[in-house]
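Two complexes are shown next, each including subunit A; its partner changes from subunit B in the first to subunit C in the second.
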Partner chain A sequence: MMKIRLSQQVIVFILFVVLFVGFSAFLPGFFRSNNLLTLLQNVAILGILGLAMSIVVIGRGVDLSLVASLSVPAGLVLQMVQYGHSVPAALAAGLALALAFGLVNGWLIAYADVPSLFTTLASGLFLAGLGQVAFFKIDVVQWSAALDGLAVIGRGTLFGIPTPVIMFGLASLAVALFLKSTRLGAYIYAMGDNPNAARVGGVPVRPLIVLQYVLAALIGAFAGLVLAASINSMPTRIFNSTLIYDVILVVVLGGIGLSGGRGGVLNTIVGTLLIGTMLNAMTILNLSYSAQNLVKGLVLLVAILADSFVNPRNEETAQQGDI
Partner chain B sequence: MSDTLLKLRYRYWPDHLLGEILSKRWTETAIPVFVLIVVALVFSRAIPGFLAPASLGDTARQFGEIGFVTFGMALVILVGGIDLSVGSMFALTNFCALFCLNILNWPVPLVIVATLVAGALLGAVNGILIGYLRLRAFITTLITLIIYRALYDILILEHSNQIAAAFPDTPLWNFMGGGDVFGVPSDALLYAALAIFGHIFLTRLRPGWHISAIGGSRRSAYNSGIPVRSVIARCYVASGVLTAIGALFFAARLGTVGGDIGTGLEVTVLTAAILGGISLGGGKGSVVKAMVGTLIVLLITNGLTTLSAPGGVTRMVLATILVLAAVIDIRWLKNRHRIISKVYVSPTYHGMPALPSTAADSGTPFAQNDRLRRATAIGVGRIEAPEDVILDRNDYLYAGSRQGDIIRFFPPDYERMEVYAHIGGSPLGMAFDRKDNLYVCVGGMGLYRITPDRHVEKATDETNRSLTSVTDDSRLRLADDLDIADDGRIFFSEATVRYEMHEWPVDGLEARGNGRIICYDPATKTTHTALKGLKFPNGICIAKNGQSLFFAETWGCTVKRYWFAGPKKGQVETVLDNLPGYPDNINLASDGNYWLAMVGMRCPALDLAWRMPGFRRRMAKRLPVDEWLFPNINTGCVIKFDDEGRVLDSLWDLGGVNHPMITSMREHRGHLYLGGILNNRIGRYALPDADPTFVQYDVRWGKQH
Partner chain C sequence: MTGPVLELRQATKAYGGVPAIDGVDFALERGEIHALVGENGAGKSTLTKVMAGVVSLTSGQMLVDGREIQPRTPLEARHLGVAMVFQENSLVPSMTVAQNLFLGQEKYFNRLRGIYIAAQQFLQSLNFDVSPTATVSLLGAAKKQMVEIARAVLHNAQVIIFDEPTASLTPEEKKYFFDLVLELKRRGVSVIFISHALEEALLISDRITVLRDGKHVVTDMTANFDRARIVQAMVGRDLSQTVYGRHKETVRPRGPRVLSVQNLRMAPMVKNNSFSIFAGQITGVFGLVGAGRTETFKVVSGVLKRDFFHGGEIVLNGRPVRFAVPAAAVRSGVAYVTEDRKVEGFFETMSIARNVYMGFLAKMGGKRPFMLRREAASIGESWIKNLNVRAISKDVKVIELSGGNQQKVVVAKSLVQEPELIIFDEPTRGVDVGAIAEIHQLLNRLADEGRAVVMISSYLPEILALSDRVLVCRQGKVVEEFSALEATEEKIMYAAIH
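Our next item is the complex of A and B:
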């Protein structure tokens, strides 16, 4: 046993600093204000998704459908405005879609007892298919001028900081408040730690699970709007990318164990910074998309391995069919 | 009038079949098969020529390719995991085969071996991570999915042009890709062979059982000595190899390395496995289920493609089916027992004549008294559940016990006791044969024999299977009482074929003829069912004439006589009808008549309920078991009747103070010994006017010295 207990979050932060300094020193073009701003901007979306994922993971679940809830509701808003619907109506429709999606996910996981990985894998496919079939005419939905009032959430800067980063900060603050200062947040930790004990202790486990997935879907939709505002469109084929692995990486590397009940917003931020740095460096190094995926996959594998040693699965509370 | 209709409806409508069919394991496979038929019908209506031979041949070829992958997935799910990397492994092994063949120009057999090894290696990565390092299967294979896919993308970037340029022309390769035997595609042949092997492997071979055991309960499997980690790892290797087989045929058929080969295959295959009924979480699944699931998914995807539905629709349909199948599977697994227990109990109409009076001043032979209360107790607190008692010709007293022992008490005071023999199960009725063997009916086990040197042997535990019953009734569930005919044949009753021993009150609630009388012939060692459809047949006693036996039907409240020999052979006639209680064991009395134990007394409430099957069904569905109607067993009663069916006398322990629920009695040297299945004692009642030299063994088999 180590005498000085380094928490994973500290290790990851040190790793981030080392990487950052290393890249700054040896990678031409890394330590430039332009690049750093891009880095932050790219990382912001990932970070917001990471927040959504962390709520779910702390409650001992996983949401693989986050990318679908990022692309489809936001895409729907953009598409509706393009068709000439009013902005409030479009926003309401997008919100309703995200809400309904979260509710269905949560219901399937909480009340129908389908494992979360499995549910969200299928429901993500479903939502992406729905978008493809019913909502979008072409794969990239353009940002209409009518929406420009909303563009502040993702475009431009505030005090020199890109607004997506500010949005990430605001979302972090909100999620941190929710997790640390509300009773529901405490319940989610209790549930992730030991669902059966939480249930016996009077925690409404099933409604809470639904709440988690609803929150995740809503945060995902918010991230989608920020993304759309910042790049001026919604590329709906993003669902086919490996973005979801980046999100899992953020959460696991940040130190939120997949066995639930541990970690918080700070972990997500640290994880986001590390992954953002890594991705940015790989882009600068001009690695191909496939090579990037390969590196990400290997890093993720190592992270999961480390996670399984640091946070071993609790055989007492692991359930049959928990795969 | 309505009573008659009710009677007819319950007489001829087989209510009990639903529960019995649902209890069968094959109903779980029947549902996907039904879905398959529906899907095939719907598409063959919508698409002309959907089930035409040419189209079917194409489907069969694809079926083979995907089918191998589904087998791998099924195996991994069965062991309690999941393999999402099959799509990428498929792409990589497809590449490997084409690379070896087109670029390295290896001979086809070597290509096959190399591809299979590649598949095994890719699977081994998963296997080591999940089996030995105990990572989560889902997330791990999700990661290997992207790693393998990235590898594939990098590889095809370099080699796709070279592969596309070459056209290998070898007979074996062409046969794999497009050949057939009598119209059956090559891969479908191998698939069928593998399916047969897989079925035998999973159901008949030890490694296959290990896989199901680990999936069912990993910890129990570990505790029972199964090498859990290596078995799990090997399942993933097998998944890789099976995927490689599918990829080989795919490579031989198309010979391309397009970018989207194998993408989404994992969802297709997963849907197939879950839809077929292979339970997520492990332990339950079969080869047939995997095949049926693959067929359904293939028909749906092919049908949708033929109907030129956009890709998104196929995606949505697959996702919906996947979740629906998972929900149904999980809910079914969770509630199966509850559903079966709700529909299994199927009460039937059982009308009985008005209850005869047993009042003390009624003047009938049933007039209540308290004579049995004077009985002294043997072995109080030292014996549990002596259902039957018997004495041998040396005055030893034998009784069964709850622990599965035969207890022997020593004469003359029956204070000292010993365990005479241990059988197990619940020893019930007992009888000595001519050679001093003690035959015992053991609830849950069958008919057993204890030789004079205390050796326990199985006589029989099965009978002929009836052709019309849904449940397998060849095994003996509740052998109850027996007697031995002069020729050595043993007739014994099996009270019910639908319930276990501790559920006997439930059988009473059902009041269906679930019991039977079975004959075992020690000379030929054969067993056959003599009579069936009896309402809880219980006590059996060979009549004095040696050609017939009396048997008591507990829920029928009757004693009947069955002729097993002589001119009336095969006939059944009623001897005692409309008894005031539920008859149990029958034994000889010293005056040439018969003793009959009453396990409980009838009461108007249950009599009324027996005429109202709907009421009892509602009770069985809505109330917990311990709140169901229960026969009154708080009274002890023994009656005496003669060959003509006249009741002569009755002995009572009215409040059941010392001897409630008497299930058996045995007369011996002027005393009546009383057994009760829920009692902690054996009663000994001095009969005032009995023959003090009466020994049942001697009467039955003649005095021996």
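Our next item is the complex of A and C:
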């Protein structure tokens, strides 16, 4: 039992190494510094979203509205600057929107007791719709020159590494610090492990749930700004893409159990690398978008299946030692 | 046909290497009522779960009608004619009686009228006074049980297992239930009957089997038993020398009044409950199932949500309080140690040290924005030593410990919060004998230190051995108070029942 649980993250890492070596050997053009940097750059945004999702999943929830948190607040910032508002005002508005969105999500889940799956499914749709109807003129909001002071978070390279990758690294450090070294991080693990025990022990469970979704929304908005800076615009239709499945894939494949309380940032990073390798190889192989979805769907199903085997929650384990 | 209808040979079932039952031989004759008794954790439930196909044997044999067979699911067991009536009802609350009876047996076209008529005839043939069109959630405990029994008979059960069937019944309902069991016997059905109430076992059964620590102790005709012999077989020694110790001869004096509860109400479990708790004493709280003990103290400690709080006054150290969440109670020095440690006690993926540290963090709140690894380790280690938790290291996961050691961790998690009022709900449930003595010593130590200790227990010897003061609950309120010097098992039980 113990051994399997410890090595789950190692298994995924080995899988990553095997795939990586395999692709390097057999896939022309894969193992080139150019391609590898592209690979990393492509998954940096996904990785940051994966961090947000990790926080929520460790606390026994799920946030399907992350892609809306990615596109709408950042899109709002770009749009306001385009309209001639000052950059600080635009940033404040985007931040406020993300904050409010996280609070609403958290309140619905913690205090109105709506399951997180349905809450975030609906609220994400609402936020994306709100953006389309009220904020954005056209589907792709362009990056204005006035924002160029902010472009460092997503554009160019630092010591040869693309900035989005560096941002992913910084976000990873911050989230790892939060989860592993702060009291609130410890609370989130406790809540994910056993919400009843956490509550009885004096952990403020409901405010903590709100905190999770606020953090997720803020990290999502940050990812949105990084994305906008790196591609010079915000394609707000990204909400209609399959990005959210990739985010779930990162988390589950990395070994953060969907039953909560398990895993950490390292799992997210390993999961991100694995997905990045997979996506990159499929692109080089020139698989069609639909075929890629087929593969991703299959991998996700297998990963969820493996998760429920490795982290079982059936009656027998629940009664271990209970006579 | 002669020979036992159901037999277990050298039955062993281990959970994570720890045997819950160990080499048990058990035989059930046709048409007999067989009582199964033993302390908490003696293996009664596990034994019957094996028969009912809920869990599978680790080793050993099971024979039904002399044929070796091992049901792997409750459905397979049902096909073999073994049905179990669980402590918790396994009926679908929103369906009618008739729908529940025929659940899983519906014809392809499920005509409601048809099953109502069939159910009506069937219930009448059993002489059960239940309407087939009644919704199950609206029925009382006894009628629900009737439906369960009827369903078992309908499925042609040859063996019906009852797990604590009378726990939630009123005395009249109990009498009715016994008539039902006797009726089943007349029909040739064999009944296994798990009970903590020895009088019931003596009254109704033909044979009694006593289990202790997962092992078979004795099986004999009921006529050859009396209460003393059963108790002796259950605990394995004379009661006066058990871990529960002798009757108290001195009691601790009352300290200041820590908690005062006035007219606390919480429908339907707590009705105008009033009592006080004093520092420097162990207050034992006794009551039968349904007396509202746990609910009362869960309201006091904020564990039960405020929605259920219907009124009354709680005064803690002279200050009226109304805790909406346990976090507020913890900060005010009130800790509740749960009776169900798996559901609301510990964090199974975390180490011992981390579990204890979580309790510490919850109490410290904003004073500890960051976790200090060294502090976590030292707190964990000192509590492991303090409570004598037996584990290879402080980093062992709690789920891998024995019941007694798990309980110590749960207790440590609360004690690290330095509560002034600490409520133990069934502190020794599912705990091995050695750990019981240690937990009792700990309770005494806490009271000697001047803390207010509340011990809710359903086990009279435990109440008598530890309490300085005994509160007896019945139907949602404290009805009687005894000093430990005047309390006897008979007096307490009399107050709890009548």
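In the analysis below, the second predicted complex is superposed on the first by the 307 of 323 C-alpha atoms of A that agree within 3 Å, B and C clash if a C-alpha of one lies under 4 Å from a C-alpha of the other, contacts with A are read in each partner's own complex, and residues count from 1 in each chain.
Everything that follows uses one rule, which is that contacts are C-beta pairs under 8 Å (C-beta built on N, C-alpha and C of every residue); 3 or more make two chains touch, one makes a residue touch a chain.
From a predicted model like this one, the values you see are computed outputs, not experimental measurements.
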| item | value |
| --- | --- |
| Dominant toucher of subunit A (residue count), subunit B or subunit C | B |
| Touched partner set for A:113, first subunit B, second subunit C, both or neither | first |
| Partner chain in contact with A:190 - subunit B first, subunit C second, else both or neither | second |
| First (subunit B), second (subunit C), both or neither touched by A:86 | neither |
| Partner chain in contact with A:232 - subunit B first, subunit C second, else both or neither | neither |
| Subunit B versus subunit C as contact partner of A:157, first or second or both or neither | neither |
| First, second, both or neither for A:181, with subunit B first and subunit C second | second |
| Set of subunit A residues, in rising order, touched by both subunit B and subunit C | 315, 320-323 |
| Touching residues on subunit A, where the partner in the complex is subunit B | 62, 108, 112-115, 117-119, 121-123, 125-126, 128-133, 242, 245, 248, 258, 288-294, 296-298, 300-301, 304-305, 308, 313, 315, 320-323 |
| Complex contact set, residues of subunit B against subunit A | 80-82, 129, 133-140, 142-144, 146-147, 149-151, 153-154, 157, 217, 219, 267, 279-282, 310-316, 318-320, 322-323, 326-327, 330-331, 334 |
| Subunit A residues touching subunit C - in the complex, by the definition given at the top | 2, 180-187, 189-190, 193-194, 196-206, 261-262, 315-316, 318-323 |
| In the complex, subunit C residues that touch subunit A | 15-16, 18, 20, 41-43, 45-46, 54-55, 214, 303, 325-327, 329-331, 336, 338, 342-350, 357-359, 361-365, 368-371, 397, 399-403, 406, 413-414, 417, 430 |
